[in-house]
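Accompanying notes for the structure given below.
Just so it is clear, A, B and C label the chains in written order, and each chain counts residues from 1 on its own.
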Amino acid sequence: APPVMAQAPIVIKMQTSWPASDIWMEFARQYVERVERMSGGRLKFELMPAGTVVGAFQVLDGVNDGVIDAAHTVPVYWYGKHKAASLFGTGPVFGGSATTMLGWFHQGGGKDLYRELTQDIMGLNLYGFYGFPMPAQPFGWFKNPVASVNDVNGLKYRTVGLAADLMQNMGMSVAQLPGGEIVPAMERGVIDAFEFNNPSSDIRFGSQDVAKNYMLSSYHQASESFEFLFNKDVFDDLPDDLQAILEYGVEAASTANTASAMDNYSSDLQKLQTEHGVTVHRTPKEILDAQLKAWDQIIPTLEADAFMKKVLDSQRQWVERVVYYELMNSADLALAYEHYFPGKLNLGK
Amino acid sequence: MLRYIAFADDLSAWFGKVFAWGILIMAFGVGYEVVARYLFRAPTPWAFDLSYILYGTLFMMAGAYTLSRDGHVRGDFIYRLWKPRTQARLELVLYFIFFFPGITALVFSGWKYAERSWRYLEVSSNSPAGVPIFQFKTVIVAAGILLFLQGVAQVFRCILCIKTGEWPKTAEDVEELEKVLLQTKSLDALKSEDEGILPPRELAAGREPRDRDAQ
Amino acid sequence: MTDAHIAVGMLLILILTIFLGFPVAFTLMALGVGFGYYAYFDAARMWRAYDRALDSGGDAFTLAETWIGGFFNNRIFDLFVNQTYSVIQNDVLTAIPLFLFMGYIVERANIVDRLFSTLYSVTRRLPGSMAVAALVTCTLFATATGIVGAVVTLMGLLALPAMLKARYDVRYATGVICAGGTLGILIPPSILLIVYAATSGISVVRMYAAALLPGLALAGLYLTYVVVRAILQPQLAPRPTKEEVGDHTPAQLVWMMLTSFAPLAFLILAVLGAILFGLATPSEAAAIGALGGLALAAAYRALTWRRLKESVYLTARTTAMVCWLFVGSATFASVFAYLGGQQLISDFVTGLDMSPLMFLIMAQIIIFILGWPLEWTEIIVIFIPIFIPLLPHFGIDPLFFGILVAINLQTAFLSPPMAMSAYYLKGVSPSHVKLTDIFRGMMPYMLIVILCMVVIYLFPDIVYMLPDLLYGGQR
């Protein structure tokens, strides 16, 4: 390719899968700012919210076709094209956190499997990078607090992706609703509960207006990361150093996003409690147990596909070794927290 | 030319009418969802996908049928004052500027889009039911092809009208109630219990004011 | 000339070709793709494969293929199909065919004559009783079917001869039919409101809750007008003689109401109630309504195979008419915004230094004027998206704006030169009824519409009361 050394910056059109008001738009902006500065102004981004060019669920097609150059999304949004996509973030939880699974992506063979899926199996014309290990997504918003598996049995619940399989296995009725109808549907009783994403996104979404019980901790989407997609032609045409900046910029933004998430998610959680009268609960162990049992039902069906089995084997292998070390080694942080801030935690049983 | 027009009209109507029956499946399917949710507390994992797939298929596949019956909205408050020949001349030109390029683009880009979806045998990500959507994306191509074929028939209509000074007859078909009533000026059309509300034969000739307010 | 000016040119060409009478959906599509080709023209990207082939010394065939292929490698084609797909999987618009189907089934259910004669017998002691009965029939029937032309022509054949025979004034009698039939596009479940919701991103449910009281208020104003005129000028609406009304015992009247008014009212209330009280989404309620319509038609022994078939086919055609407009406008609007047309208009309007009230009045006047030559479908799908982004600047709630638009567009059916209600009525009425009489008869209702808009502006609670009550205050 002819080296592009013109004065004018190369413009990358990046669309996200988030509405303009969502905090994840700001997370995407952190990536953009870093990359632009690192490139010394040679790269410039046009960052657009979902729907500007293509819909939130269509960014993969958009990048592949080159309608947009890049996307900021999550793989669960395109798992309709291949169910294995859900394993890169929203698959079964064997005990690893999102950080553990991002480690698997970089060091445990995830990257190769991702390449195999997107290039060899699906023949996509794009590259994908992963960053920002997200805090586990809450079990969600409930009209009434739930203490046992019995309480969730028969509830009308809204979620998407593999999580829908999971909740259905637990005896909930999973309703499918477009994003914009969730809040009105709660108001009107079409659904009794729903999960969205994190305290900051949830508060901006208006969840606190329709439910007052916020259940934290869940295995349905506990290890997700952002997916940064780039059109292959656009990426390949860039000089080496700019390619490196785009790729490693993801790693840089990952730290910035994590810090920002800690700050925002926690203060928004506080705001939900103090300003909106939301009661924060920890999901009871009984329900978490039931979730794991539900995953047990789902995993064999996923493993019917040879490639999915390969990915799950690789993840299990990684988790078995790495998380053993993590758990054995980690300091008991709850103990320390309780020591210095006594009586605040309510981790339940 | 008349034979091609008749062929295209029939083809468009056949596809439009076959997929039109989707409305019944839609009403019963979505109705079942509501019943299942309230009586059995068991919502279906497929009704949501089913409803938009049927809606999209129904209206896309009816596009050519609607064109053949001159049912697409026009801002025709000036147009209707012109002589048929003037209408036809202008319309002939506009078909080549405003119809074929866009429809051709729809067919080819739709093809690329659908073909890729077939490669993955794509399913909807709305629910665990895995409702297939690759066939649904193909509807874009099918609708485009039907519209293209119907567009050729409309061009022939224009040419015939320029020659004869009158619009060729459209095929006899079901019409909006107001159109039937305007023609018959009587409520008898509604009275018979086993008959439908077919327009009288003479209505099929020529162009009537369009169903501007059907909503 | 900047890209933004080109975008404005695109809009002007659109308006011009609309007036040439070419089907609007295809004009929108072609302009979107054509101007989009210019907007997304990027030689480096389009001929990237060709450049690569040149660099690597490809053979003549590869060079020719990649060079020609470059012309079709414009992003607009992918944008076009992506936008089309987002219209065909739009979950808000799914309610449209279902409501249309319900409407066509009810329209063919042989119900309107029963309804009118019953209401007429019930209201016979009121001043202007026949006009009152006609208005209520129109309102109820138009609300259930949403098909204005059918209501007006049906009533033109049914109520108008009856009123003329009873020596009603021609203007008085024709006005009430035209205005009453048009109410169906405002009172929920209305397809206009669904289309507005899909265009503006507002929840259909909120839209319905917000439109209900204004719709009833407008119907109430019409009713008041009809009765007051009949009191002030009794010669417009002479009291009926005994033989004209027929003699019914109260029990008979109740039975007549139960078999004509009640089922239709119940159908509407069931559909609306299911939506407003949260039992179902609008599409689900529409499906229930369609099934209810089938049951109703069966009960009236009007559900023949032939009529079912006709309703199915008409549903497909009318849905195609509305939704292909969306297919065209999706790409058009996207390219228009991409070229900066929307921004240019925003900058211009915000630069005018108008107060919110001035802006609101200007916007409504423009929509009112657009309603002379155009139909509500074109106005909402093409022009409303230009107004919506301007609303936040003036602090106007798009929900409130939408209700005003829906009321305003009542006039699109009543205002010459394209007053379809009048043409339909003229088409079925006796020859001595002149078009100018019908126009004159409709004029007071246009004034009432404007009055209604002023009242709603002054008392916005009419709009907000129901949504606030049902869904809590979240403006």
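Simple rule for what comes next: a residue touches a chain if its C-beta (ideal position, glycine included) is under 8 Å from a C-beta of that chain, and two chains touch if they have at least 3 such contacts.
Protein identities per chain, from UniProt: B = TRAP transporter small permease protein; C = TRAP transporter large permease protein.
Keep in mind that this is a model prediction, so the values were computed, not measured.
K.L.:
Kindly work out which chain lies most centrally, taking the average of its C-alpha atoms as its position.
P.N.:
Smallest centre-to-centre distance to the global C-alpha mean: chain C.
K.L.:
Relative to chain C, which chain's C-alpha centre is the most remote?
P.N.:
Using the mean of the C-alpha atoms as each chain's centre, the farthest one from chain C is A.
K.L.:
More contacting C-beta pairs: B-C or A-C?
P.N.:
Counting C-beta pairs in contact, B-C comes out ahead.
K.L.:
Using Cα averages as centroids, what's the distance between chain A and chain C in whole Å?
P.N.:
Computed from C-alpha means, the inter-chain centre distance equals 41 Å.
K.L.:
Taking each chain's centre as the mean of its CA atoms, how far is chain B from chain C in angstrom?
P.N.:
Centre-to-centre distance between chain B and chain C: 19 Å.
K.L.:
In chain C, which residues are in touch with two or more of the other chains?
P.N.:
Within chain C, residues 78, 82, 85, 91, 279-280 contact more than one other chain.
K.L.:
Please output the residue numbers of chain B that touch at least 2 other chains, ranges allowed.
P.N.:
In chain B, 48, 112-113 touch at least two other chains.
K.L.:
Where in chain A do residues touch two or more other chains at once?
P.N.:
Residues 61, 65, 177 of chain A each touch two or more of the other chains.
K.L.:
Across the complex, what residues on chain B touch chain C?
P.N.:
So the residues of chain B touching chain C come out as 16-17, 19-21, 23-24, 26-31, 33-34, 38, 48, 51-53, 55-63, 65-67, 69, 71-80, 87, 90-91, 94, 97-99, 101-103, 105-106, 108-110, 112-113, 136-137, 139-140, 173-174, 176-179, 181-182, 185-187, 190-191, 193-198, 209, 211-215.
K.L.:
Along chain A, where are the residues that touch chain C in the complex?
P.N.:
For this pair, the touching residues of chain A are 1-2, 53-55, 58, 61-62, 65-67, 177-178, 180-181, 184-185, 187-190, 206, 209, 233-234, 237.
K.L.:
Quick check on the complex: what are the chain C residues that touch chain A?
P.N.:
45, 48, 51-52, 55, 75, 78-79, 82, 85-86, 91-92, 201, 203, 205-206, 276-281, 334, 470-472, 474
K.L.:
Which positions of chain A touch chain B when the two form their complex?
P.N.:
The contact residues of chain A facing chain B are 57, 61, 64-65, 76-82, 122-123, 154, 156, 160-162, 164-165, 168, 173-177.
K.L.:
What part of chain C is in contact with chain B in the complex they form?
P.N.:
17-27, 29-34, 72, 77-78, 80-82, 84-85, 87-91, 93-94, 96-98, 100-101, 107-108, 110, 113, 146-150, 152-154, 156-158, 184-185, 190-192, 279-280, 283-284, 286-288, 290-291, 294, 301-302, 304, 306-307, 309-310, 312-325, 373-378, 413, 417-418, 420-421, 423-424, 427-428
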